[in-house]
Each structure stands twice: as structure tokens, then as C-alpha cells.
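Next come two complexes, and both contain chain A; in the first it sits with chain B, in the second with chain C.
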Partner chain A sequence: MTVMDRSEWYDIARDTNWSPSFVREQEMFPPQMTGGFGLAREKWVGYDEPYKTSYPEYVRIQREKDAAAYSVKAALERNKLFETADAGWLSILKQHYGAIALGEYAAMSAEARMARFGLASGMRNMATFGMMDENRHTQLQLYFPHEHCNKDRQFDWAHKAYHTNEWAAIAARHTFDDLFLSRDATSIAVMLTFAFETGFTNMQFLGLAADAAEVGDYTFSSLISSIQTDESRHAQIGGPALQILVESGKKEEAEKLVYIGIARAWRLFSVLTGPAMDYYTPLSHRKQSFKEFMLEWIVGQFERSLIELGLDLPWYWEKMIAEFEYQHHAYHLGVWFWRPTVWWNPAAGMSPDDRDWLEEKYPGWNDTFGKCWDVIIDNVLAGRHEKTLPETLPIVCNMSQLPICAIPGNGWNVKDYPKEFEGRTYHFNSEIDRWIFETDPARYRGHMTIVDRLLAGHIQPPDLSGALKYMNLSPGECGDDAHKFAWAEAYRANPYAKKAA
Partner chain B sequence: MNPFPFISNFQGDFVLQLVLADMTSTMDEVAANAAYHSVGRRVVAQPGKDIRVRKAGNEDFFPRTMKVDQSGLKAMDCLEILFVDPE
Partner chain C sequence: MANTVEILKPQKTWSHLAGRRKRPSEYEIVSTNLHFSTDNPDAPFELDPDFDMARWFKQYRNSSPITHPDWNSFRDPDEIVYRTYNLLQDGQETYVFGLFSQFADRGHDAMLSADWVATLAKVYSPCRYLFHGMQMMSAYLCQMAPASTISNCATYQTADSLRWLTHTAYRTKELSKSFPDLGLGSDERNVWESDPQWQGLRELVERALVVWDWAECFIVLNLVLKPIAEECTIHALGEAARRNNDTLLGLLADAQMADAARHRRWAIALARMAVEQPGNREQFARVIETWGTLAGGAADVYCMGLPDADRASVRAKRVLRELHVACGL
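Presenting the complex of A and B:
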């Protein structure tokens, strides 16, 4: 039997825009589910997805991708990566799986919403495949870490993290709820696929796959590459949607969604990927700094995509770029200091060579973040272990749910950005976080941060032990220094002296 | 005991922290409570300096012996805690 070329039938087959006669248009596509700022469905006829595929093609390719990823895993299961990899790399794996696996599952629901309520046939078609993509990603990223669970309980957090009130899990849930679980189909196309996936996850997966290959973790590298090829396809749902919105006079509304999406993605990216790239990855394997990566991939490439779509750069663009210099250093210091509250073992990344590298990549690092680490190193060497641990909670941002933090030491610029609303004072990490709240205070007002919960008596006893219990972190799961402080020994005989410029 | 939870923004530290004092605490006691969570953990001690408290955004410090309930502060206000030369 002769099979017609896809291009001969695709446009007709995917066009399911019939006129309903048994139900009203509004019932079939309720505005609260479809979104689109009131644009009629006819406006969406011009939606042209750049990547076209059919179901048989999709299944064939996905089967091949799955087979490749699982084969690499099976072939390398005996290579003892778990025993031989640097502890910092294992921490990246644990952090990644816990933060991402069930986030992908949530994204599957979001894709399903576009598949059902998208106003354009092409969007619904692409999102159907996107939904299956996200399901595949969830399964892969739960299955791959599972082999390590019997050796290290922290790997169990690949599945457990999102089911807990651990603070990073709260931050991830808050972000994903906002960007795609509680949004309409059009907003999801813009915020999830364009802002979050094109802007950040697609890039992160590219970077991570390269890093994994560099450290010799070919299983993870092939897994991440396999996922990334899906991401780069379904991330293209948002671009044509933005085109329609801009052409139909909804540029300002569309920009607001993009700006919120980028800002929220940046926070998660800086707390997860920033420390992974600049601290957890062993120095000998670091190819570029997080700042260089952000400037190349986000500022360089994403900026071009925005301009090509006729969108203005966000009002906060320069402020966000300025944060590339410090925000992830602050998050890293926070995650390391509050390490019992995470499901991975943060690598300090603080050898004298690491510090030289940080100073070279981030001039002034030793006079700012280095000042805090100097005190920590003194405590480690003097055996004052208790002084390297917290006895209270950091204040977390009412938007990102991450600690409010910035530059310490000689560049001290830490600041609260408060906002009064309906008798409650909210606290934010920056003008950007506060601006997101101000775009729709009623949407965000009810949420309680981990600190609000402590003050409301939800955490008992109201101390670190109560907090760990509240976060479902059991002994054997709480994080500790990845290298058991071995890095500090280099300072015992030779206090750190900044390398001459 | 009438607890006064506040936000500590300690000079030289990298993060805002939740700190507890009492409504009858003096500002020196508030400063000491804040210092407990920063100095010697991530901020180096500065012997010979005083540690003073002011409301975030203000220039002037509270008098050292002023009590919280006399200061107009309310729970979860953000306070800046700084090292200063003794008067």
C-alpha cells in the first residue's frame, strides 16, 4: 500500500476546528480553561507549529530514543559510577532527580490542558505529543535513580521530594503551580513552553548533558540528551501562540506572562543549576561558569527569540543580568549552611583552587562571599561543627519561597523588599519578585512560607528538629557536606591567600 | 514572656534570618540575639565595636536601652544590625 507523504495530509488531518452544534462554543472551550484574552477561535487558525509530526512517526522515534537510553543504562550498570564518581556529581544527580522528575509529571497535566483546551488545532496536536513526552520523562527520571536507592536513601527523593514540605520542594511546587498547573491553555503555552522550556530547561538539559559526558556519566548524559530532544520539540508550542497574540493586539498581556515566566524560572535555575555548575561540578570538569553560561544561552539566544517575536525585553532585564554575579553564590551558601534540610549532600566547592577560580570568574568573590566562607573554614578546622549549622530559619521570599539573600562581606547589599497587602506584610527577595506579586496579589496572597508555618505553630517543636520532621527528612536522608569537610584540610597549614592578579 | 519575632539583616551576612526576642528585650538584647545567628557562623566578630539596631531603611539607631515595646516595632519587622564604633 502506498503511504501518502505527511505533508499531503497533515494540515487537513490535524484541523479539528469544526463548529459545535450540540453544545455552545463557550461550553466546549470555556474561557477560564482556554485563556487567550478573549480572542475568537478564528484568530487561531493561522497558528503554524514549526515542528510537525504524526502519531506513527512520533511513536517510532520515541521507541528508538527509549531503547537507546535504556540500553546505555543497562550496558553501564556495572561500571561502578556510584562508587567512583565525585560526591559532588552524585549530589547533582540527587538534586536533579528530586527537583525534576515529578515536575515533569506536573508538566504532563499542563500539556494535557493544552491538548484539550488549546484554541489552535496545531497547539492541541503538538501538546498531545508533549503530554506523552512528559510522561516518558517522569518514568525515565524515576527509573534511572531507582537502582541507587538501596545504596543511598537520598536517591529515593526522586519520587519523594514533591510529596513533602521540604523547602526546596515547596519552592518548586509554588513555581510550577503558578506557571502551568493553575493557568489556562494559552498562558501555559507562553509560560511553560516558551518562557520556561525554551528559555531555561532546554538550555539546562543541553548544559547538563555536556557536563555528564565530561565527568564520564554516560548513562545520565544519554538520558538527559534523550529528554532534551523532546523538550526542544514541544517547547515550540509557545512561539506561534505568541505570534498570534502579538498580531492580534495582545502584546502587552503576552509580555506580562513571558516576564513572569522568565523571572520565576530564573530563581529555580539559579538555586539548582548555579551551585551545580560553579560548586558541585569538580573544578577540573568545569567548562564555563554559570554566569558565562547564562550570558551565552539566556541573554544571547533567548533575547534574540524575544526580539524576533516582536516582544520587548522585560523591564527587569538588566537587574536580572546583574543577579548573575551573585544570586546563585548566595543560594549556594544558604543551601550548604542549611544542608540538613536538603535531600542531597551539598559540595562546598571551597578548595583554594576553587576560590581562585571563583575569583577569576567573579572578581571580588573573596571579599564578599569569601568572607563568610573564611569564618566557616575556621570553624571546621577548629572542630566547632555546631557553628557550621543553623539554629534558625532563613526568611524566605513570598514569591520564590527561597531565602532572601544577596551579597555579604565587603559588598553587603542584603535587603528586604516588603509589600503591605490587606493588612499582611509580604517579604520579597527583589523588586522583580515583588513585581510578580503586584501583577495579581489576589492570586498569591494566601500562601504561607515555611517561616509563616513555623510562626503559626505548624512546625513542632519550633526548632531544627521540628523543621526536619515537618519536611519529612529522616536520618540518612538529611544532607551533609558532600566531601565530609576534606576540602578544609588544605587550609590547616596554609591559610588562604588570594592569588595575585 | 511576650515573644517578638523579627527579621535580622546582620551587617556582612548574606541572608535574612528569623530571630526571636521578647517585647521587653532591650535593643542591646535584640542585637545580641541577632548576633548569635550570624557572628562566628558567617560573620567575623569585631571586638571593641558595639552592635546597634535600626529599623530597615532608617539612618538612626534605636537607643541601646530602649525596649521593644517602647519602640513602635511590630512582629516580623526587618531590623538592620550593624557594628559601630563605641560612642
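Presenting the complex of A and C:
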């Protein structure tokens, strides 16, 4: 075979910029779609994607990867995972697919924005592969859960969730629309590929792949490991873009985008991945706590990549790290309590052994969150199930679209961070959420949270039944305790006693 | 009587596909109804309904003069999914790179005449700008189309455009080794920007790149620009190549035209579905007429510079007309 090495012709394939003369440059690359803080296109000539691939290599490698992922699925089709897996694990699968599959499709549109409006031709080519990758991730994460549709109606939500006004779907849309779907090409490179994919999808995909292998779900494990190999390639679109912004005197502007990206991703992960890792995954299969994972991947590895690019740490870094201790516990408590409003069955994760583990990983847990669970346990044991269920909706943050919540019990620190803007009062979960709003109020001001909609009369009747209807959740879909409260029986004879420190 | 609440039962497929008697194909399971920014016409994003990007989508997608009550009912006639796309194109690339290898082993380029290669430096190697223009426009269509089944076709079309660009870059480099003094790999931008032969196509590309309405973008790209440009710069050039002892370029053109034919199949299917709706036929005709003159002129000047390609431009324009007839126009 006499075939030239890619390095011989690669530069020609990415030498595709020209100076238009039939239309103005600004028309062909309108600032609204390109972004880049007014940097001239010449500044982008030095853009050099660190991971290089080409069309023939792409289609070959991706064909091989698909063959592997689909053959694992086919080989394990007859295994009884669905019947034998812990109910908490099935909840993780339902939650993951519903929150991720169509979000990946939105990421395809965002990659397409970079492929059209990216200011560097190398970025446009890499984003073309990125479009293809996200197309793949959508299709895999629809095809795999589809086989479970005929066993469990909640799996329908792998496709349905994003088309509803279910609160977690609203939160996911608000986050992903803001992180990438409604951003310009330069901001997408920074926020989607750098802030989100370099930092957070690693955690969702590598962390979950490890958990899946632990519980014996090899289909899911191989699926998401395979997805992660694509992510780690196209995530590298953002680094060189940041480099150019920093070198051209746009460090502060670029940092702001990174900070918004991290803050938004952190919030969504703390409601989805936090409970999955610390509560839904059966205790015997938990390798790391969510906090440990965040400290290793976000604070350890991602912090290093920020510094390598010459960026400062976000102003809120210490505040966010402090939230690792409690925010996801608060969300878990809320999700479990409001369980009819989700499309999966939240696992309480509340056996005495679970509590010991939580206390060990999060010292003080029993005196704070544990106190709420004590009341829930009393009500469950006394058969007062109605007291473990909500009647209406909680106050929701105007940024994250998640309940405003923090530490209950002895460490009480719940606080609203309000903001008056153009005659309307907005409510935020933290200074960080409020800061995001302040960076660009025009992006957010006209949006209504689900509670705003309730108060405006969009939800009728204005109670839980009306809310469920509004969220398109019916009996057969609504969540309930994953283990049908079996875990509570352990406390009937032996009330929980904290292990001596 | 007890108040009975219906409990939803599991179904064989997604609820949005479950009402039909037909078992859904893999294509339908993974390709249909995936855009959620189309759900609320007043607010494309779960953000302020009127910030700049929301207005862009409301204007250029939601308010297109070309309308359909259910764009999501569109189906790609080839039912391509990601998995089958890679199977298909990996096979195609193995074939094309096999050609490159075999012809290189036979010393193909050294046997070409210097005149012909000088022609290629004018009419062939600058194609990478044209193909990149198609790549960018297809990516725009992908992000603006109101149905995922349309966006997916545009995604694969974006990748195919990069495929053609890659072949061109590869051959440009390879030819430059046998003919180092013809500006191969260095003069293309200049030729693309200034050579009279390219100015018609460049004007078409630049003007098409700023068509923001999604449906008009589709018509201009898939029913005018791509077919006319493909007929001239791939098909007619491939024919001319064969007459100039350049069998390799002729075979490469055939391989690329297989992609072009697939693009036309989905474009015809979408156009036929659209023109069934009252008012759309007139809109299609208006856009095609507006752009047809520019496209015809571009074909004329490009083909004039092709050696041994009599009536290539006439043929290209005929193919374009036949395509429009196939669309029901």
C-alpha cells in the first residue's frame, strides 16, 4: 500500500479560510453566531487542535467502536440483568437515559454551530466529527434503553423526558440550552467542550462505567466507556480556543464563560449524579463518594487544566467545594420526597449501613440530613405514607430550576439569595446562581420557573395532581420508592444508633 | 363506584411511535422527534423567550415562509443511521484509498501530462473551498432544521462534504510531489478568490452562506448549489479527466457522486413532502428561480475552462431541471 501519511496532507485539508468579496466578512460570520469578543479572524489562524484525525480514520475507528458496543449488547441480550439488577441501579439507568439522550442531540446542534461559525478552519473540521459523535451518542442512548420499553413504562422517558415540563427536564433544558444550545460558536468551544466535557462528562461517564461494571451491567459499562472515548477527543476543541482568547487579551471574558459553564454543570450533576453515586448505587458497589469523585476529577484534574491554560480559578471555587458536602444530599432528600414528580424510582439508600457510610464520608450527616430521614422513617413504619409525600411544589431557583435547599437540622443554612431586576424579584439558591444571572440578565429574565407558572395559573388545579398533569406524568410513570420501603423494616426493632466516633 | 385511575402500561416502543400498527425500525427508534427546541414556538430555549439567539430561531426557523404542520413526519428514504453511515463510508473509503494506493504504485501521476496537471491546479485543487462551503452550509441546515430526521441527513451530508474535501487535499498533496511547480497546495486560495473561472461558484457559495431561513437554505443548498456544483466540479471534471488519461480522478468522481446521489434522494423526498402543502410550491419556485440564474452562470464560466467537456454546462443545467421535476416542481 502506498498511501501518504496523514501528516503530509492534513494542513491542506484545514486550509479553507478565504476572504469573501460578494458578501461582507461580518455577514458570513455574524458576531452573534461566531462570538469571540470581536477578535479578528486572523487571530484564529494559529488555532491548532491537539487531537488530529481525518475522515477515513474517523469512519473506520467509529465503525469498529460501534461493532464492539452493539455486539456486547447483542451478546448480553438474554442475560437477566433487568430482572436481577438492584432497583436502585435500574433507577440510575432511567434517570441517565432520560436526562442525557436528547441532551446529546442538542450537543449535536451545538457542534454544528461550531462547524459553521467557528472562526478557525481546524475547529470547523473537528466540530464536524463532533456533530457525528453526538449523533452517535443520541442514537446509542436511545437504542439501548428502547429494549426495556416493553418491561417498564418509565423507560419511555429516555425519549420523552425532554419533551415534557417535568421539573428535572426543565432543569436539564435550562442548563444545556444555556451551556451550549443557545450559545455562539466560540462560547460553545469554551463552555461545552472545555468546561462541560473536559470536566464533567468524564465524571458521568467514567464514574458510571465503573459502577456499571461493579454491578455487572456490562452492556451499559461498555456503552458509556465507548461514548467517553469520543468525548475525550472532541472535548479538545476548547483548549486551543481558550489559548487564543487568552493570548489576545480576552482572558477575563473567556474565564467568565468557563465559570458559568462549571457552575451550571455542577448544579445539574449534583442533582443527578450525586444521588446516583451516594444513594442509588448499592452500598457494596460504591467505590468513591460523590464528594471524593468531585475532589479528584473537578478540583484535582480539571483545576490543573484551568491553570495550564493560564486561567485563574473561579471566584466561587471555595464556595462550590463547600457545597460538595451538602448540596446533593439536600437534592436527594427533595427528589425522594417529591418522587411522584420524577420518571424514575428514587432509591432511599437509607439502611443503617448506608447511614454509617454517609456519616463516615460526610461527618455530621446524621445530625443534619439524618434528622429528616428519622422523621420519614417514623412515618413509614407507622404506615403514614401520606406524610412522606408532598402536596405542592417547593420554592425553585430562578437559575438552576431546582429547589432552593441546603443543610437541614443542626447545621441549618438554607437561605434565599434574591435579586430585584426590572420590577421582578428573582430567587436563587446561592450567590453563584445569582452571579450567573447578573452576567447577562437578558438571557434569563423572561423565563418562568415551574413555581412561577404555578403562581401564574398555568398549572390547574394548582396542587400536586395539577402539577403531575402539567409534567405529563401519569400513574405507571410516576416515581415511587425504588425498594418499596423494604429498607425501613431494619429500624422497626432497632432504632438507628449512630456508630461511636 | 370506585374512582378508577388508568395506570399506563409498558408499550413495545416509544409512546410517540406506539399508536401505529407497524413495528418501528431501528431508524425510527433512534432518529425521530429529537429536537426539543421546536416544542414551544414562543420560546425555542428554556431561557428568556426573546434574547438574541431565541429571536434568531424564531425568525429563521419558526417563521419560515415555507411551512408544514408536521416536519417530524419526514423520513430519509435511505434510512441512514450513524452505525450504517460508518459501515457504508468505511467501505467506500477503503475503496477510494485502495485506488489511491494502486494508482500510486503504478506511477499514475508521473504519466499525466503537465498540461493536464496545470489544468487540475486551476479547476480541481481549489474545490476544497467549494466543498468546505458545502460543509458549512450543511452544518447550518443541521442546527436550524425543524425535525431531527432532516437534521440527521444534513449531519451526514456535512461529513460527506468533509470527505470530498479530504480527498481533494490528499490528491493536491500527492500531485504536488510529481509536479512541484504548479502551485498545488499553495495557490488554491488565490485561484478560488481571483480566477474568473471560479467567481461564479464562489459568488454562489458566499451568497448561499448568508441565507439564514432554514427552508430557503435547504432549497439553495440542496436543490441548486450542490447539484449544479457537483455536476460541474465532480461529474464533468471526472469525464474530462478520463479523456486526459487521468483514470483515477474519473473513478474518484464516481465514488463521490454516489454520496451526491444519496443527498439528492433525501432532498427530493423532503421537497416532495413540502410542496404538497398549499403555498409551498410557489415559494420553492421563487427561490429556485432567484438562484437558478446565478447557478447557471456559474456553471457556464466554470465549464468553459474544462478541456474536452463540450456541453458540460448544458448537461449540468439539464440535470438540475430534472431534479426539480423529480421534486414535483
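The rule is simple: the second predicted complex is superposed on the first by the 500 of 501 C-alpha atoms of A that agree within 3 Å, B and C clash if a C-alpha of one lies under 4 Å from a C-alpha of the other, contacts with A are read in each partner's own complex, and residues count from 1 in each chain.
Here is the rule we use: contacts are C-beta pairs under 8 Å (C-beta built on N, C-alpha and C of every residue); 3 or more make two chains touch, one makes a residue touch a chain.
Just so it is clear, the structure is predicted and the values come from calculations on it, not from any experiment.
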| item | value |
| --- | --- |
| First, second, both or neither for A:425, with chain B first and chain C second | first |
| Touching partner for A:284 - first (chain B), second (chain C), both, neither | neither |
| Chain B versus chain C as contact partner of A:416, first or second or both or neither | first |
| Contacts of A:156 with chain B and chain C, given as first, second, both or neither | second |
| Partner chain in contact with A:125 - chain B first, chain C second, else both or neither | second |
| Partner chain in contact with A:494 - chain B first, chain C second, else both or neither | neither |
| First (chain B), second (chain C), both or neither touched by A:454 | first |
| First, second, both or neither for A:391, with chain B first and chain C second | first |
| Chain B/chain C common contact set on chain A | none |
| Touch list for chain A against partner chain C, complex | 1-4, 8-10, 12-13, 15-16, 18-23, 27-28, 32-33, 54-56, 59-60, 62-63, 66, 70, 102, 105-106, 108-110, 112-113, 115-116, 121, 124-125, 127-129, 131-132, 135-136, 138-139, 142-143, 146, 149-153, 155-156, 159-160, 162-163, 170, 173-174, 177-178, 181-184, 401, 442-447, 474-477 |
| Sites on chain B touched by chain A in the complex | 5, 7, 9, 11-19, 36-37, 40-44, 56, 76, 78 |
| Interfacial residue positions of chain C with respect to chain A in the complex | 5-16, 26, 29-31, 33-37, 39, 43-54, 56, 81-83, 85-87, 89-90, 93-94, 96-97, 100-101, 104-105, 128-129, 132, 135-137, 139-140, 142-143, 148, 151-152, 154-155, 158-159, 162-163, 165-166, 169-170, 172-174, 185, 188-189, 192-193, 202-203, 206-207, 209-210 |
| Chain B contact footprint on chain A (complex, rising order) | 330, 333-334, 337, 369, 371-372, 374-376, 379, 387-388, 390-395, 403-409, 412, 414-416, 418, 425, 427, 451, 454-455 |
